[in-house]
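Input: structures, listed below.
Here chain A shows up in two complexes: once beside chain B, once beside chain C.
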Partner chain A sequence: MHLEEFAEGNSFFHRLDPRVKFITIIPYIFVIAFMKGLNGPVLSLIISLVMIAFTGISIKKLLSRLVVVNAFVLLLWIFLPFSYSGTEVFQIGHLKATREGFLQVLSITLKTNAIVIATIAILGTSEVFSLAHALVHLKVPDKLVYLFFFFYRYISVLHEEYIRLKRTMTIRAFKARTSIHTYKTYAYLIGMLIVRSYDRSQRIYKAMLCRGFKGKFPIISHFHLTIADLCFGFLMTLITVLIAIISKNG
Partner chain B sequence: MSFGYANGRKIFNNLNFSMEKGDRIGLIGPNGAGKTTLLHLIMGLLKPDSGEIEIFGKVRKEDRDFTEVRQRIGLLFQDSDDQLFCPTVEEDIAFGPLNLGKTHEDARIIVRETCEKLGLNGYEKKITNRLSEGEKRLVALATVVAMHPECYLLDEPATGLDEKTTQRLLNYLRENTHTYIIITHDLGFLKNVAEKMYVLSDSFIKEL
Partner chain C sequence: MHISEGVLSAPVLVTGAVLSAAGVFIGLKKMDYEKIPEVAVLTSAFFVASLIHVPIGPSSTHLVLNGLLGILLGWMVFPSIIVALSLQALLFQFGGFTSLGVNTFIMAAPALIAYYIFAFPVRKTNHFLCALAGFGAGVTGIGFGALFAAAALIGTGEAFLNIAKVIVVVHLPVMLIEGIITSFCVIFLKKVKPEILEVNR
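Then we have the complex of A and B:
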């Protein structure tokens, strides 16, 4: 399982200090999320696209991620147009699809994609461990950071465990069908995964005890701000303020 | 000492075992005989049901007593994924020394020296979970070595390693360590590293 495919590369974005990334992306996301109308969302989508263009991430990989997000958005296209009152566009039975509804869902679609693309461009281009480091430096509670980091560190180990179990099922001619046998087998598979991950967590904890773990994780490497980081931080803040003003004034 | 697991499985019944400084011990025995259990008891990760564990001239009972033991004895786990949990090799190696109260400067020096000793130069910034099995084992060993233990407990260190990596491991053990217990099923490997051999089976331990 490859979770960091966007983090490989050497663009301007890949080299940015992750602390600056967090500090700048959070207001950017909030401003976009609270936008109304279409001007702001269109503008921010364009800005996000410009950012992603700088990262050199392959369009194919990007699209494969966007498909997942937009599958959820698609559901909104089915329901939202009918849940706003306003100028009627068409009618199915008693349900009226309104222009206001369509504009609303279009705005949500633009905003969602702008946020996801910006997140991939800014956060996706850092490795998870440096993001976790940045969070520690930004005084996010340790426990949350470790939860996030351990989740990431061991999800691929668990995934391998899952693949191994799945393989042992396959070589014994298991085929998924709609039958009690299939459900039972999947239940065993999940049960086994839980048991094994519990065992593993115990072993990891023991290994940490052996090395003098007392509840604190020391950090050895530190980040250093560069001129590029400061420029990016300044530029992002400027952009965020600008799009906030533009969307507010319609 | 006697020990049994909570599920009722009896492992040791009045087991007697002692080792001295400078002992290079190989421990063999069938699966489930309690080889790993013995090492975990020594580290205080498991507690005996009855009997006594005396290490470095002191009887060890509580977790507190084992803090010193864990600093002076290094345990290499069977599965390297259990041992390596930090993002980078450097941090994983520095984890122990920093816990022991070393400064960042000292920790960095220890990391560099340890990597040199084990031929891991250039691995410092690598991501631990992207290493190969053999590399993981060497890095796991490095995390133990970095604590400068007086005694090593190695749980199947050579399993799954190719000849070249095994050789590197052997060289390290021969040149840099004096006291250890090695668990293995590989008799050929054992002949190269152990001066004394013990067999553990049916809750008894005897010298070969």
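Then we have the complex of A and C:
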């Protein structure tokens, strides 16, 4: 399973300190999420697009990702324009599409994409494990970080187990249909997956004990803040405050 | 059932975040260090299981199985789900970080409800009762999830009422399928590895 699509590269964003990334992106995306109107969302989408341009991520990959994200937004485009009262734009039967409705859904679309693009540009450009490492420094409860670490580590292993089980089903000429037999087969497949994951977790814990696990992971490599990190942090904070003020006044 | 970013209003986002934070806090308290690998690898298994698409008429649905996860993990379902959703937000931008709290609550709270209602009957020796409880857990997980998602949308604005209704209706067949699969799954675990169900949470 190839999961970290955007983490490969050597742009400015790929080299940023993950700690700085978290500290700057959290306020930025929340300011966007809390915005109303159009000025703020348009501005933040432009800023996010500028950031993604710096990462050198291929537009094709980015678009394919955005299509998936916008599936939910599409649902909103079908319903929301008809759900607000105000100036009528057009009418289908009893349903009135209003200007207010369109503005609302447009605002949501801009916000969604601004947040998603910023997330890809800033967090997507780091490896998952280095992000987890950064979370330890940012005082996230260590149990949660360890949980995340093991969870991510064993996805690919369990996915292989899944592929293997699925192959045995194919060999036995299994065809998925809308039938109790299909559901039962899938249920047993999942049951087997759970049993294997349970057994494996027991072995992992024993292996950890063998290596002297006492509730703490020693960290060998450490992050070093560079001037670039500090500049980026300062710039992002400035931008976040600015878009917050603009969306409030606009 | 993931609500994407930029949709919900600030009060809904904050409420979801606070409730989920409380759930995660309690879940972490109940999870000893020696439990971490078990919860983590089980979460990986459910993550992989969520990639499975089962046919339903001409369409298909992907599995969620939060009811089953709830029965197996109890309160630890909160840390388990927040970790899985964080990864999805990170890698696929599905859901997202601003709506992470709300989405975690939408999936984990029903799982916890399923745990409190059905975890006890599932452990009964009677297979029929066990299957019934499994079915109930699957239905509860999806049913309450859809209701909470609808509540989050309606809480954002009256305008979302129609979408909220559609979400609940769309999840009705999914509820049934999840019920059936969870039911068979529980029976399977009971026959093959009962100690997974026996462990006291």
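Here are some notes:
We adopt the following convention: the second predicted complex is superposed on the first by the 247 of 250 C-alpha atoms of A that agree within 3 Å, B and C clash if a C-alpha of one lies under 4 Å from a C-alpha of the other, contacts with A are read in each partner's own complex, and residues count from 1 in each chain.
In this text, a contact is a pair of C-beta atoms (placed from the backbone, for glycine too) under 8 Å apart; a residue touches a chain by one contact, two chains touch by 3 or more.
None of the values given here were measured: they were computed from a predicted structure.
In the superposition on chain A, contact is made by A:C210 with chain B only, not with chain C. In the overlay built on the shared chain, the residue A:V157 is in contact with chain B and with chain C. Once the two complexes are laid over each other on the shared chain, residue contacts for A:L63 go to neither chain B nor chain C.
In the superposition on chain A, A:V89 makes contact with neither chain B nor chain C. With both complexes placed on chain A, chain A has more residues touched by C than by the other of chain B and chain C. In the superposed model, A:L80 lies in contact with chain C only, and not with chain B.
By the touch criterion stated above, A:L230 is placed in contact with neither chain B nor chain C.
Residue contacts after overlaying the shared chain place A:R200 against chain B and chain C alike. Using the contact criterion defined above for the overlaid structures, shared-chain residue A:E127 touches chain B, although it does not reach chain C. When the two structures are aligned on the shared chain, A:A53 is found in touch with neither chain B nor chain C.
Overlap of the chain B and chain C interfaces on chain A: residues 128, 149-150, 153, 157, 200, 204, 208, 213. Residue ranges of chain C in contact with chain A, taken from their complex: 2-8, 10, 13, 24, 28, 31, 33-34, 36-45, 47-49, 51-52, 54-57, 63, 65, 72, 79-80, 82-84, 86-87, 89-94, 96-99, 158-163, 166, 177, 180-185, 188-189, 192-193, 196. Of all the residues in chain B, the ones that touch chain A in their complex are 40, 43, 45, 67, 70-71, 74-75, 77, 79, 81-83, 85, 87-88, 90-91, 94-96, 98-100, 104, 107-108, 111, 127, 129, 143-144, 147. Contacts from chain A toward chain C in the complex involve residues 3-5, 25-26, 29-30, 32-34, 41, 65, 68-69, 72-73, 75-76, 79-80, 82-84, 101, 104, 108-116, 119-120, 123-124, 128, 131, 141, 143-144, 146-155, 157-159, 161-162, 176-178, 180, 182-184, 186-198, 200-202, 204-205, 208, 213, 215. Residue ranges of chain A in contact with chain B, taken from their complex: 127-130, 132-133, 149-150, 153, 156-157, 200, 203-204, 206-214, 217-221.
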